[in-house]
Amino acid sequence: MSLSDARGVYVIAPTPFFDDGRIDFASIDRMTDFFIASGATGVTVLGQMGEAPKLDHAEALDIAQRVIRRATVPVVVGVSAPGFAGMRSLARASMDAGAAGVMIAPPNTLRTDDQIAGYFRQAADAIGGDVPFVLQDYPLTFSVVMTPAVIRRIVTENPSCVMLKHEDWPGLEKISALRAFERDGGMRPISILCGNGGLFLDFELERGADGAMTGYCFPDMLADVVRLHAEGRRDAMHDLFDAHLPLIRYEQQQGIGLAVRKYVLMRRGVIAAEAQRRPAVVLSAAARAEVDYLLARIARVDARAALA
Amino acid sequence: MSLSDARGVYVIAPTPFFDDGRIDFASIDRMTDFFIASGATGVTVLGQMGEAPKLDHAEALDIAQRVIRRATVPVVVGVSAPGFAGMRSLARASMDAGAAGVMIAPPNTLRTDDQIAGYFRQAADAIGGDVPFVLQDYPLTFSVVMTPAVIRRIVTENPSCVMLKHEDWPGLEKISALRAFERDGGMRPISILCGNGGLFLDFELERGADGAMTGYCFPDMLADVVRLHAEGRRDAMHDLFDAHLPLIRYEQQQGIGLAVRKYVLMRRGVIAAEAQRRPAVVLSAAARAEVDYLLARIARVDARAALA
Amino acid sequence: MSLSDARGVYVIAPTPFFDDGRIDFASIDRMTDFFIASGATGVTVLGQMGEAPKLDHAEALDIAQRVIRRATVPVVVGVSAPGFAGMRSLARASMDAGAAGVMIAPPNTLRTDDQIAGYFRQAADAIGGDVPFVLQDYPLTFSVVMTPAVIRRIVTENPSCVMLKHEDWPGLEKISALRAFERDGGMRPISILCGNGGLFLDFELERGADGAMTGYCFPDMLADVVRLHAEGRRDAMHDLFDAHLPLIRYEQQQGIGLAVRKYVLMRRGVIAAEAQRRPAVVLSAAARAEVDYLLARIARVDARAALA
Amino acid sequence: MSLSDARGVYVIAPTPFFDDGRIDFASIDRMTDFFIASGATGVTVLGQMGEAPKLDHAEALDIAQRVIRRATVPVVVGVSAPGFAGMRSLARASMDAGAAGVMIAPPNTLRTDDQIAGYFRQAADAIGGDVPFVLQDYPLTFSVVMTPAVIRRIVTENPSCVMLKHEDWPGLEKISALRAFERDGGMRPISILCGNGGLFLDFELERGADGAMTGYCFPDMLADVVRLHAEGRRDAMHDLFDAHLPLIRYEQQQGIGLAVRKYVLMRRGVIAAEAQRRPAVVLSAAARAEVDYLLARIARVDARAALA
């Protein structure tokens, strides 16, 4: 299967660490299994939320290989790097290890449409035209704003661009615009999976997105939401989504989000520790209590949130 | 009453326009009445969401005077301006007209702690030390990041700084830090009212905020949330808040938020038209249908959302 | 004469203040006369370096009218504003007073090509299609990056866009690209006057610029440089320019530049005081001594720098 | 000798490539010899202008080792990286290879004073307290603004911070402020070497800087300027500096600077090719002619610029 047909939930995997900063490979295995059991149709490693910049080259590759070897679904590897040499070497090594594709985010110095399109042309060329890549569109974090027309240009200029990780905000009209391009024959169809912690997944699906690529701590719920949508059960989909929305919203807090995510995954027994490598954000006691309260409220509707 | 004791909901008022761009003063009156009937304890005019930069000086003052004259609660006037001369003239005229205070946002060129503190010292001096002012802390829009220590410094250096419009994101720990400063005697107590469209109001109140200063299209719900919190009815407060959260979240989309807000206020009969002055954002048909769907879902819990 | 044919030196006028912050109109008159005696072919008021944001609306208009009435050359009025209502009212009033045109800078929130082009379409519409306007392209200060193609689009979409204030940096290739567009018939010819304090004026002229629009404290030198270039006296042009370059460079320091400029104009007897309105930058004793030293060095070549 | 006593000229070394992108080690050797023959008191590799982000980890280390082995002066290695793991591994390997210290620039996401100081504390800890480091202060490129007080705090909190690469702009008052801190006993003395392409080196020395750390294509001239200053020959120092200023200014153009630098070093016979790795800036024919003209003009005063 090509990534351009991808649907469902590609889970953004965090990187589990021990408290002393070493990588916890046993947790990586358990987490990979959990994602697949949760209904994930793919896994993405070494993204922003995977603390990729805190890993050195060898560590990054080790993690990618570990997940690829264990997963029974396609694995996408984040290869964003300050330069093309580092990007290329991680991309080639990942593909050699069996990755389905790589993901590239724009550096935050790009401003004009030409700069953005030029960057992705050079990046695609650097990693090789045979490597399928996911275009990450996340202005809130990267400060790079891509119009639908620029995305169309990148897709058109680079046959190896097969998927959009959509996390523009607001972004609903962008999905509609891209799907309209496809219908009009102006753009080759690509997969659109949505990030932003899932905050708008309900309507993103209704606008034509193929699913989610995000790391919300209940990927099983995300998979259910995508399934309910596919089954045309609109109200049921929103009911489930809305039950989780207070926590999705809480996890969306920049900087704190990953800490919340790891805390819940730890409480769910998926990873052994919530530790981050430095610079790390540590949840306060008040924040933990707030997350616990939110979990208890969700558990009234969704038993998976009933953590002992 | 001093603004430093303000509690409850200060509604950020949009500016109603006719479709041809003229100001709709009849809607301003109706809206002012509606806010007060909704339980607002104050009104803020000429904020970001009031399309203040689209007004010329005379229009801005006309609007401020109109609301001040009609409102039976304190009115805060946004006076942020590219220079101190314009800021001063609007601030003095507003106070002469009976405003309770003014609100000042930092220009997006400030970077260092000293630059930020220096700016507010000069601004306070420019408008006059007798004019109470609200410090607006909204990094997502203004790109100016203020630590709790810098806010403490601004409060300490400027006796006329009486309130924080808190919309840092994430911001829960900031509220806790500021309240800790006050408890320790390190900072004079001020009012903290929260913005950000209300997205975190539930926990902001629990962290010690005094209420909301935001323009969510159901200020009556915000007032209920503040009241339920004051009454110690935690679950009831969250139940009501969570019922609205899908729409609060939807309204939070940068650029689209004001259009949603005006659309709902129009549907609620508060303002005559949803028109914005240019540059204007217009809701697509899909977006309107999404908002209608969200309103219908809220109406299952909160009858105020049952719009014919 | 239309501004689209403008050549020579349009001096960016500072705004002279008394030490107490009042506007010094006598100095404005003397300065206007000095600029014209220096060979200026135009004057620009209320630019960034004119401390425009520190003036209220009435003051700004007073200054524009004063210079327009006195000057025997075309006057351009800076009308950049946070919103179109303010921009329009200053533009219309300036044109009524006899301005030759207005200048518009983009707000620093614009990112994509479409956003930039859209902004200038709306601005041109707001001030009226009969008002000639100068497009200011100054990424270092405004953080808005315009490619040559975007400038061509703005010129093409807006018949009232007649001049580029060019201060991209680096910008030599941009001038070459724009002139190539004109030669190829792809863009209507416009005047290109260069800012950036004149730091690259030597080569900008050689690339095809029509002159300077900047406020370097020796506009008479700038006029000589343009004249020497027009006469084809390349080495003589560079000799004169290079003699001033150490001071041009010194004046280019962001934030300090205006203080240097006012200090030298005061020492040259053009304005009575070097005062700025707050927020003001004050030259240190060391900086004054450095400027004095630079003046003495220039005076070895250019007698105009021999200040008693 | 400790880096905290460093004086003179630390040349920022470019990385010579062949046209096909391979590293040209023979040119690295020749360049290293040239720098030392030019009077360099140190060499800095893998800085911004060394195209460091375009190298993978192994290449970066190879280059650092090559220069360290050949140079008879201290070598500083740029180790800025998106995360501490990569920074640490390059820093440790460089020190093992004989580097005198490393250089660290702040990531462009830092805003508040606390964020900046916190980052350097964590970075110093990550590389190890035994590794002397140079603090790079370059707001124009990194968008991080450090007040003198923040620099003092970093120096005080981190005994291993031994040098400031000063390229704030404007920055003369900052040097004066830091030297005043030292005189008052408020800050441990450090070496201050100035970058910014040397654009203000004349006055930076007079304000108390110890020399230059920059890659201007005539490091021999920079060394002479530092020497003339040390000898108290003020006018002679400025005469030499001013003769080069038109080219220094030309080389200062962001993005083009490195291309100019490599072109002149190639013309001087120091490196074999002017090639950059992608994304590369290529000089236009017009730009080459402009540089040639500037060289010819310098050659009237400084024979080293007389390139056949």
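First chain written, first letter: the chains are A, B, C and D, and each begins at residue 1.
Note that in this section a contact is a pair of C-beta atoms (placed from the backbone, for glycine too) under 8 Å apart; a residue touches a chain by one contact, two chains touch by 3 or more.
Here the structure is a predicted model, which is why all the values come from computation and not from measurement.
Shared contact partners of subunit A and subunit B, listed by label, are C, D. Taking the CA centroid of subunit B as reference, the farthest chain centroid is that of D. By the residue-number overlap criterion, the interface of subunit A with subunit C counts as same, with over half of its numbers used by both chains.
Computed centre separation for the pair subunit B/subunit C is 38 angstrom, with centres defined by C-alpha atoms.
We define each chain's centre as the mean of its Cα atoms; on that basis subunit B and subunit D are separated by 48 Å. Centres computed as Cα averages put subunit C at a distance of 33 Å from subunit D. The residues of subunit B never reach two or more other chains; the list is empty.
For subunit D in complex with subunit B, the touching residues are 111-115, 144-147, 149-150.
Those residues of subunit C that touch subunit B in the shared complex are 51-57, 59, 81-86, 88-89, 108, 118-119, 122, 126, 277-279. Subunit B makes touch with subunit A in their complex at residues 169-170, 172-173, 176, 199-200, 202-203, 206-207, 238, 242, 245-246, 249-250, 253-256, 284, 286-287, 290, 297.
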